[in-house]
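Two complexes follow with subunit A in common, the first pairing it with subunit B and the second with subunit C.
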Partner chain A sequence: MSSSMPPVLASYVQQCIDDRSLTTLTSVLDTPTNWLLIRFLVSALQKSNHGNSAAAAQSRGAPANNYKVIFVSVFRSFDTWSELARKCGVNLQDAVASSKLCYIDGLAVGGNSPIGAMPLENLTLRDLNLCLISAIKVLSAEDPSSKILVIIDGIDFLLACQPKTSSNDIQQVLLELQSLVHGVVTTCAADSALLHSTDASATPLELEHTTLARGLAHQARWLFQLRPLETGQSKEVSGSIRISRGGAWESNEGARDLVEGEWLFHFRNDEGVKVWGRGEA
Partner chain B sequence: MSFRKRNVGISDGRRPQPTVPVASTPVRLPGVRPSAADGRPVTSTGSASFDGLFAGHGGLPLGTSILLEESGTTDYAGALLRFYAAEGLMQGHYIHVVGLPEQWGRELPGLASESSKKSVETPHDDKMKIAWRYERLGQHGTDMAARDRTPVAATDMVSVQSGPQQTPFCHTFDLSKRLVHPPTAQVKFLRPDPNPTKTCFASILSELTSVVKSTTPDTIHRFIVPSLMSPALYPLHSSMPEQILSFQHSIRKLLAAYPNRLTLIQTLPLSLYPRSSGLTKWVELLSDGVYELTPFPHSADAEFAKSRDPNTKEEPPQGLLRVHKLPILHDLGSGTPLADTDWTFTLSRRKFTIKPFNLPPIEGDTDAQQAAPKDDQPKKAEMDF
Partner chain C sequence: MAHTNSSHRRTHNILLISKLLNQREGASPFTLVLDNLEQPAKPLLKEFIRRANSSKSHVVFLAFETARTPPGIDTFIPCWNKNFQQIVQAVRSAITSAVKRCLIVIDGLNALCKMSAQPRSTLDLTSFLMSLLQPPQQTPQNSPSLVAVYHQDMPLHTSANPYSPGPLSLLEYSATTIMTVHSLSILLAEKQAKEKSLGAPSFGLAEQKEGLVVGLKPQARSIPSDQRGIVIQLEHRRRSGRGLLEWYFLPQRLPSKPYSASSKEPVLLLDDHPLFRKPELVPETTDQDLAGVTFELNLTTRQRMERDGVVLPYFDAQKAGGGGEGGRILYDMGAEDDFDEEEDEI
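Let's turn to the complex of A and B:
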């Protein structure tokens, strides 16, 4: 595990990657999940970096632990992700070139996405699904023993900009995806404006988003919720992170000693991320 | 009374610090300087005070978009757009304006003349003497004026190094004057497509893309999208989620494709699309920076002015400016967070001033405060210890 990962989060992220499960990260306007999502990506890629020893283990008959990642970014640029990953000591361009990473670019128009990235020309769920399936085929053809982790940032935007897409369609796609790959990590906006369902004046956009957010929480095994401090902005604290079990948590998994909890975090690019409990220094 | 230093201005965060540049541009582009926080290229919004609200970067980072939300019927956000456009013209940037008539381009604020600048700086004679030893520190008001200009002075030096002609990073504009367009000015006005069967932004986007593509890599473009989804400027179907959100997404595509050449400021009328609606939230989520302007009601404004010391030449604040999201800082963590989310703004003839928000002491009650001790204070004899 790299030093860029806060020690508190390390075991949670590790388990989310190891388990065959769906993980949901929720964000609010001024606490985006970028830094957390890139740490999922980096953790998986770094496991994959141990690929040489894994290959050696495989030759001795042990199961390989080789990870490959499919990263979907719907509305954030590749530059953003590569800048974040660089601070964690990973070069995304190289990862794409060595086909450890398949980058599906929702902003593909110019020449700034890496060579080998898959453009998502039409912003529809159908196109995304086709893109994902072909990426899975390509990656598993190269190395059938590798585990594939799919990370999707901004799948909820497809719901907002496509009136014909329903939250059920997205959940359907995610369920199918889970049966094809090792694990799925997805993000979802959780601003209060998008989550009022009881309101009689709620628009279809808001209702569908609420349904999706609830559905993702039920489908996920772990939920990571980022939100700003309720008491206002602070220079020392960026926000709070709450890690809780989702609807897919099974009670017979009690042997694992990971507990639900809430911590404060501070995100500065130069210093990385600091996560600590309330009241701790 | 708090113990926070009151004389720390918002321009404080952009003092150049020795940091390693992240993306260094080999050729210095006009009106672009490296950020004080991490060296990424930034450009001026045309208002020195607003430039100070970009998380220590000292300007709007290239490749980012800003959303200015305004409630009510006032047009303070429009004034910021005018400064932004005028600054772009002075720096030789390309300006692309969506939805407004060409008349708007002719009414941009002109450059403030040097003499009028100086008149502000001269201290007024009827100053009250507090103590002679403080005299050399200068007047409070002039201090503020001088501080407002420090970033300009600093950038003057930067541009001196780069080329023979001195073009400051941020000009001072006068709203009562009209800008004389430089001969090389490039201003384009784009109209949304009124045909309800088509997406109204498609023609705008294809035109923007082709212009950016056809210009050389050293040209900077500024996009101006006023009053998003307002029925006054756009066809009604523009406010359908699929139309407006696809437009926002395409804008992000453009910004991502040409990361160091474009900036965008758009405004949104909050009275039509309140922040509590999901559509507005998505527009916010797709913008890099979100600022909300809430003008004070007129009566409160007058009261505020009365309560202030009539000797100070400071104008009363006209509204509240709230920072909801900062470009670069929230997405990439680079930069210094602002000390506060709440600021006040004042639009005067010459500039848009943004200051930290603090409530003045209640002064109307002084009579009661002084009268009270006389009547109500118990006499010494009555006090029983």
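Let's turn to the complex of A and C:
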């Protein structure tokens, strides 16, 4: 793990990547999940960096720990992610070039993506699904022993931009993905109107989004919830991060289970992120 | 009297939950499990599957929310990419090919309920579920049983027709057993709050806080590891129409102590759980407790006779019929009183 990963989160991120499961990150408008998502990406890429030692280990009979990442960004630009990854010590352009990372750009539909990413025809669920399947084929053809981690940022946005898409369709795509790859990490907005709209007076988008958000929580093994402080704004604290077991959590019998907990975090663009418990210094 | 009643209730109810979890012949054709994010039903489903495996039943798993085959499943049918006719087809072929009794497990009914509530849907929820329960033609006595999970915190869908009941009402009506799973730490927190006459705390989505999906339960760590598990609220409906309500506790399976092949039932009544046991009533003090005290409460025979012989005052009131004809004032004249013949009368 690089120094950019807060030590508190290291074991959770490690387990989420190693397990064959779905991990859901929820965010609120004030506390986006960008920094957390980039750390998932960076730790998966850094595992695949030890490619030479992995080959040597394989010859000794140890299992391959070679990760390839497919990163889908629905409405954030590649520059945003590159900038964040650069602060963590990883160059995304190089990773794309050496095909450790496959980037699918939701902002560059119609095939005019500049950086050699997979082309996406339209921002619809069907096209995204086709693009993902071709990306999986490409990556597993190159290295059949590698484990593919799919990271999707903003899949809930498809509910808003494509009104005919329902939460059932999105969950179908995610389940299909989970059966094809090693693990999936996805984000979901969890603002009040998008999480607590359960009565019939809510708009169709709110109802669909609530169904999707709660459905993703039920299917995830671990749930990372970012939200602002309840007491208001603070200069030293950006918000709180709560890590809970999702609906699909299972105890790994034998090994010690990770405990649920809530920590405070502070993210500064130039300094990275600090995570600490309440009451600690 | 109370003791025999409670021990009778205990044996009877534990036998019932054992019959239901083991899915004995015809015990409960359709078991509905209601859960939420605070306590998912996965441990309970694992228990059903474990018992089906040990009783050599064939387990068919209809996966609406699970991507990979869980352990102990004989037939895994991914349902997210099929329409409901294909699902019924797949289930029927799995049941006919297996010669033994079948247990059908559905990990999430919410997707189906949503489909059936669409305006132009052709899916009729009850007929779909009943078609899954049709026994195979060769062995009509081997009817399958169904265990299905419904997540209570997903938004309710009203059905397309405003005059017909919603999917959850239909499910609750047609189920023969309803098991609602609760989190032990939440029940403990509610019990502690009630003992202090405070309001019950809310967890997770019930807190209605922005960005909070699952609640933090600090009490979970204070429970000793051999007392952890899930709480099941059971409602069982018999053929006669009589219903039975009971709360049970299913202990968590510790890897160091696997279930032995013995027939002891691990499920307890919630009242028997160490943290929920009501304190026993203090038994009446026996004579031995008062042995060293000189204070004597019992009467000897002579004292009893003397007591019977005491004449109590107010003779008139002792007469049967309420002496004084119901309200008349009876006054005994004292030394200083004068009796005036005009004013006072007897």
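Observations on the structure shown:
Quick note on the criterion: the second predicted complex is superposed on the first by the 264 of 281 C-alpha atoms of A that agree within 3 Å, B and C clash if a C-alpha of one lies under 4 Å from a C-alpha of the other, contacts with A are read in each partner's own complex, and residues count from 1 in each chain.
Note that contacts are C-beta pairs under 8 Å (C-beta built on N, C-alpha and C of every residue); 3 or more make two chains touch, one makes a residue touch a chain.
It should be emphasised that the depicted structure is a prediction, and the values quoted were computed from it without experimental measurement.
Overlay on subunit A: subunit B and subunit C fit together in the combined arrangement.
With both structures placed on the common chain, the touch criterion links A:D191 to subunit B and to subunit C.
In the superposed model, A:H209 lies in contact with subunit B only, and not with subunit C. With the two structures brought together on chain A, the opening angle seen from the C-alpha centre of subunit A toward subunit B and subunit C is 110°, to the nearest 10.
Look at A:K274: by the touch rule set out above, it reaches neither subunit B nor subunit C. Touch criterion met: A:T31 reaches subunit B and subunit C at once. Touch criterion met: A:A160 reaches subunit B, while subunit C stays clear of it. Contacts of A:G246 after superposition on the shared chain: subunit C is touched, whereas subunit B is not.
Within the superposed three-chain model, A:Q225 lies in touch with subunit C and out of touch with subunit B [touch as defined at top]. In the superposition on chain A, A:D79 makes contact with subunit B only, while subunit C stays out of contact range. Between subunit B and subunit C, the minimal CA-CA distance in the chain A superposition rounds to 12 Å. Contacts of subunit A with subunit B, set against its contacts with subunit C after fitting on chain A, overlap at residues 31, 191-192, 196.
Taken in their complex, subunit A has these residues touching subunit B: 29-32, 34-35, 75-80, 83-84, 106-112, 123, 157, 160-163, 189, 191-194, 196, 202-203, 205-206, 209, 232-233, 235, 267-270. For subunit B in complex with subunit A, the touching residues are 22, 38, 63, 209, 240-242, 245-246, 249, 252-259, 275-282, 284-286, 290, 324-326, 330-334, 337-341. By the touch rule above, subunit C contacts subunit A in their complex via residues 37, 40, 42, 65-68, 78, 80-81, 108, 110-111, 114-115, 151, 153-156, 158, 205, 208-217, 220-221, 253, 255.
Contacts from subunit A toward subunit C in the complex involve residues 20, 22, 26-28, 31, 166-168, 171-172, 175-176, 178-179, 190-192, 195-198, 200, 207, 210-211, 213-215, 217-219, 223, 225-228, 230, 242, 244-250, 253-254, 259-262.
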